[in-house]
Amino acid sequence: MPVNRDTVLDWMRRFAGEMAEHRAELVRLDTAIGDGDHGTNMDRGMRKALERLDSADQADAGAVLKTVAMALVSTVGGAAGPLYGTLFLQMGGALAGRDEVDLDGYVEAWRKGLQGVQTRGKAEPGDKTMVDALVPAVDAMERAPDLDTALKEAVDAAERGTRDTIPMVARKGRASYLGERSRGHQDPGATSTYYLYRSAAEALGG
Amino acid sequence: MKKLINAPDAVVQDALRGMEAAHGDRLRVSYDPAFVVRVDAPVEGKVGLVSGGGSGHEPMHGGFVGPGMLDAACPGEVFTSPTPDQMEAATKAVNGGAGVLHIVKNYTGDVMNFDMAADLGRGEGIEVESVLTNDDVAVEDSLYTAGRRGVGVTVLLEKICGGAAEDRRSLADVAELGRRVNANGRSMGMALTPCITPASGDPSFELGDNEIEIGIGIHGEPGRFREETRSAAEVAERLAGPIVDDLPFNSGDRVLAFVNGMGGTPLIELYVMYGEVARLLGDRGIQIERNLIGNYITSLEMQGCSITLLRLDDEMIRYWDAPVDTPGLRWGV
Amino acid sequence: MKKLINAPDAVVQDALRGMEAAHGDRLRVSYDPAFVVRVDAPVEGKVGLVSGGGSGHEPMHGGFVGPGMLDAACPGEVFTSPTPDQMEAATKAVNGGAGVLHIVKNYTGDVMNFDMAADLGRGEGIEVESVLTNDDVAVEDSLYTAGRRGVGVTVLLEKICGGAAEDRRSLADVAELGRRVNANGRSMGMALTPCITPASGDPSFELGDNEIEIGIGIHGEPGRFREETRSAAEVAERLAGPIVDDLPFNSGDRVLAFVNGMGGTPLIELYVMYGEVARLLGDRGIQIERNLIGNYITSLEMQGCSITLLRLDDEMIRYWDAPVDTPGLRWGV
Amino acid sequence: MPVNRDTVLDWMRRFAGEMAEHRAELVRLDTAIGDGDHGTNMDRGMRKALERLDSADQADAGAVLKTVAMALVSTVGGAAGPLYGTLFLQMGGALAGRDEVDLDGYVEAWRKGLQGVQTRGKAEPGDKTMVDALVPAVDAMERAPDLDTALKEAVDAAERGTRDTIPMVARKGRASYLGERSRGHQDPGATSTYYLYRSAAEALGG
């Protein structure tokens, strides 16, 4: 599949579906080491994003992602709102004005998005945040020979990265208040990022 | 989950409707984006004070809007920081030409959202300053972490800065005073029971019949550790001890002692706690000049309490005593 | 049972110690017999207002002692009316020569103990009058029963009579005003959860996960019936409906609407409830002139609420608005 | 046994013992239809009464009962304080100044006590209160040929009277707020009165 307006729209719809479906799971993960709202937040935000996507035509893939970004920023709140908002805003900027992008363009957009998240949140790998899913996924995509492989490897890498957050002691976000007690729990934001890669593989792959 | 609500996702909206019905003579409510603002805002020539944060901590912040305290408050969803568009709208609504101060509790979400809002406000030519509260000694602090949470000091800071702003002090002065309040205040909290957010419907943590949670935040986050239930005297020691040692508060210091209920604790227990805190401070030669006892920064129906001590100077005392006329704090008017 | 106390039989004493430490500049505390009294009592030429009742309803009554409200309050053990010797000592302490008014909630124990105290006071040559509150419409009333309980109206009556006494109205006037307030006020309450008295350590009743108790009192007594949980709008109808029908309150009536928390209910829920009550009264053309929202007459940590409506006249409004300076209610000073 | 200062003192000590022993039971009964404090109230009051009895010599049986009455009035509160206070005050008045009383004197004291309780509380038999234990007990004593019989019959009558409160709908005291829901529960005040007769039979009997 090409990466264009329609497939990215499909991606966002699938991601919204994942957030609705896994809402309770994300709430449970966030209850253990945070304040129990990550699933509710992401679901609320992605529902609003779909509303906006439905109500106005989008010029291109970049416009789709910017619309999602603005919806998240103005309806999610918390840490996830600005972080996912920034991710999609940066990615959208990279894709703006282009009908279709290839592997390089796609990976470049992720690289920009990741940079945005790290600039806003100041998290490094190992801090037990969504960055721990993003970094290995983007790295894996950069090594991939073609888009399909990139999409699949990103899912695997994000899944591993997410699982790797379990033994970590959180140093950023709400979980950091728990200190040692945050160990042994999977990070909710990394988990939602894993679902983002999964829906990308479905919508943009093969 | 049993709550006096109509639906989990209507709580914030419905409560705002109640606020407007109850205090419409003094507050104006905007629903989209959601914020509560003094009916006479913007006050010409006065620094505008904007705070905000997740809902579920009432009366903070909406209950502190009014003459002598905040000009506007932005409620997020329950325990979720509000969004930049709310804050931007509130900032515009209270800008009386002397600049606007954002009062921000140190949580990743609050900080990032307020950052974006401050950028937006400045983009519109409004002078915006921010003060961060991070008074919770239960949280380990380091260069590499998110740092300490903002808790009880926030209430005191909003009152004291509110007094200064009403006194037409400059934005720089009010911000400096706010930072001084934060620097001289320390808090710690504990829970006897968890709370249940309307959206999740489940307890924020599980506690045994004989367990208490020490070092909790105000969002149902678990604390630093749990232990066996103890007497009020021991709990007071457990909380006030680390607070006193942290600043540290020394013999001869004049303080404001704030015993705060987490929402579900009967007032009679808060007075028992206050009695213990007063004794403990007395033993160390620390002098309580002012006090506040009650449910002011809460976690829904959680049972438990937090203690906040603020080392006072004359300016703080003056603005603490200054008139305030809000639903949550009212005196001198 | 988890509570912030030192020992079940020390709660009242320890809380009094906290009150004294916190408000010693404005209140004096006597421990044996136990009562709280204005520091400037007796006020020469002013009618003295004495109330009292079981503890566990804080801020009522001790939190309402101060200029513009009560002169003294006698706390009993938790949920147990105080004893005549407490009331007698308080009566003597507040007698400024213009007589003393006892404000008594209609419970067998309170009535009998205050009766004995009034006899004792009169025996000492003090003019003593009593006003009874019995505003709870949940209770069936008949010639042969103990009658209705005194609940929410008590708070309003203490404030309004307090204003009149401060205005140096005569004992007869203040008592007559008090009776008028009681005659024009009605209340009803409900619970989401029971409460646990320190002495018993057990819940006052058992409620299923989907059950609420309608028509409860303020002592953990079970209500008139229980039913499935409902929305805030339905609960408001459940409580306000019988209240409105009972007096009855009619279109055009001006009222004070009081949404009271039972102690463990978050303020955000009380505002949701207030929104529903305001809508419901609006639909019936009843005009809310004043309101009060918060935890004022509580049942320890019980979750739930009560609604009180008071049909106002100009005199009541004047004394409601009059300055009050107590730990629990404070304005105009 | 004669009814005199020492036996009445013993009676009050035994009654205090019963209140301590049955404290939890009385709390449970009062929780069902009241506010759950009757056991705590009576135990607190009788402990104070014993303290006072121990700290000063009592002239006669009447003085013993008056001391108990004043202790109850000033430490019990609630409904039970004034009611038991009045009961013992009136009985004490009837026995005052007499070294020893016979059956008639004893029953006469109870009659006075009962009157005091009814004057103060306005309860009639059938209202589901302590009066439902007192009335049949005093009636039974009036019919008895001798003190020992009187003491035993009073216990039986009070027990029956207490049990008879179970089906009643309360019309006085806190249980009256429950209306129909008060049916099916035994009245706590009648129950404590039954223990009063039981301790009387032990102390004054045989």
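Worth pointing out:
The chains carry the letters A, B, C and D, assigned in the order they are written, with residues numbered from 1 in each.
By our rule, contacts are C-beta pairs under 8 Å (C-beta built on N, C-alpha and C of every residue); 3 or more make two chains touch, one makes a residue touch a chain.
Quick caveat: nothing in here was measured; it's all calculated off a predicted structure.
Contact with both subunit A and subunit B is made by no chain of the assembly. Hopping across touching chains, the smallest step count from subunit A to subunit C is 2.
For the pair subunit C and subunit D, the distance between C-alpha centroids works out to 32 Å.
In this assembly, the C-alpha centroid of subunit B lies 54 Å from the C-alpha centroid of subunit D. For the pair subunit B and subunit C, the distance between mean C-alpha positions equals 29 Å. For the pair subunit A and subunit D, the distance between mean C-alpha positions equals 74 Å. Shown for subunit C are the residues in touch with two or more other chains, namely 78. If you sketch which chains touch which, the chains link end to end in a single open path, with no loop closing it. By the definition given earlier, chain contacts exist for A-B, B-C, C-D.
Residues 27-28, 31, 33-37, 40-41, 44, 73-83, 120-121, 127, 171-174, 176-179, 181 of subunit D are the ones that touch subunit C when the two sit in their complex.
Listing the residues of subunit C that touch subunit D in their complex gives 9, 33, 54, 76-85, 107-109, 112-113, 115-116, 136, 138-140, 142, 144-146, 149, 197, 199-200, 202, 204-205, 217, 219-222, 224-225.
Residues 2-7, 11-12, 14-19, 21-22, 55-56, 58-59, 63, 78, 192-193, 209-210, 212, 229, 231-233, 235, 263-276, 278-279, 288, 291, 293, 295, 298, 300-301, 303-305, 327, 330-333 of subunit C touch subunit B in their complex.
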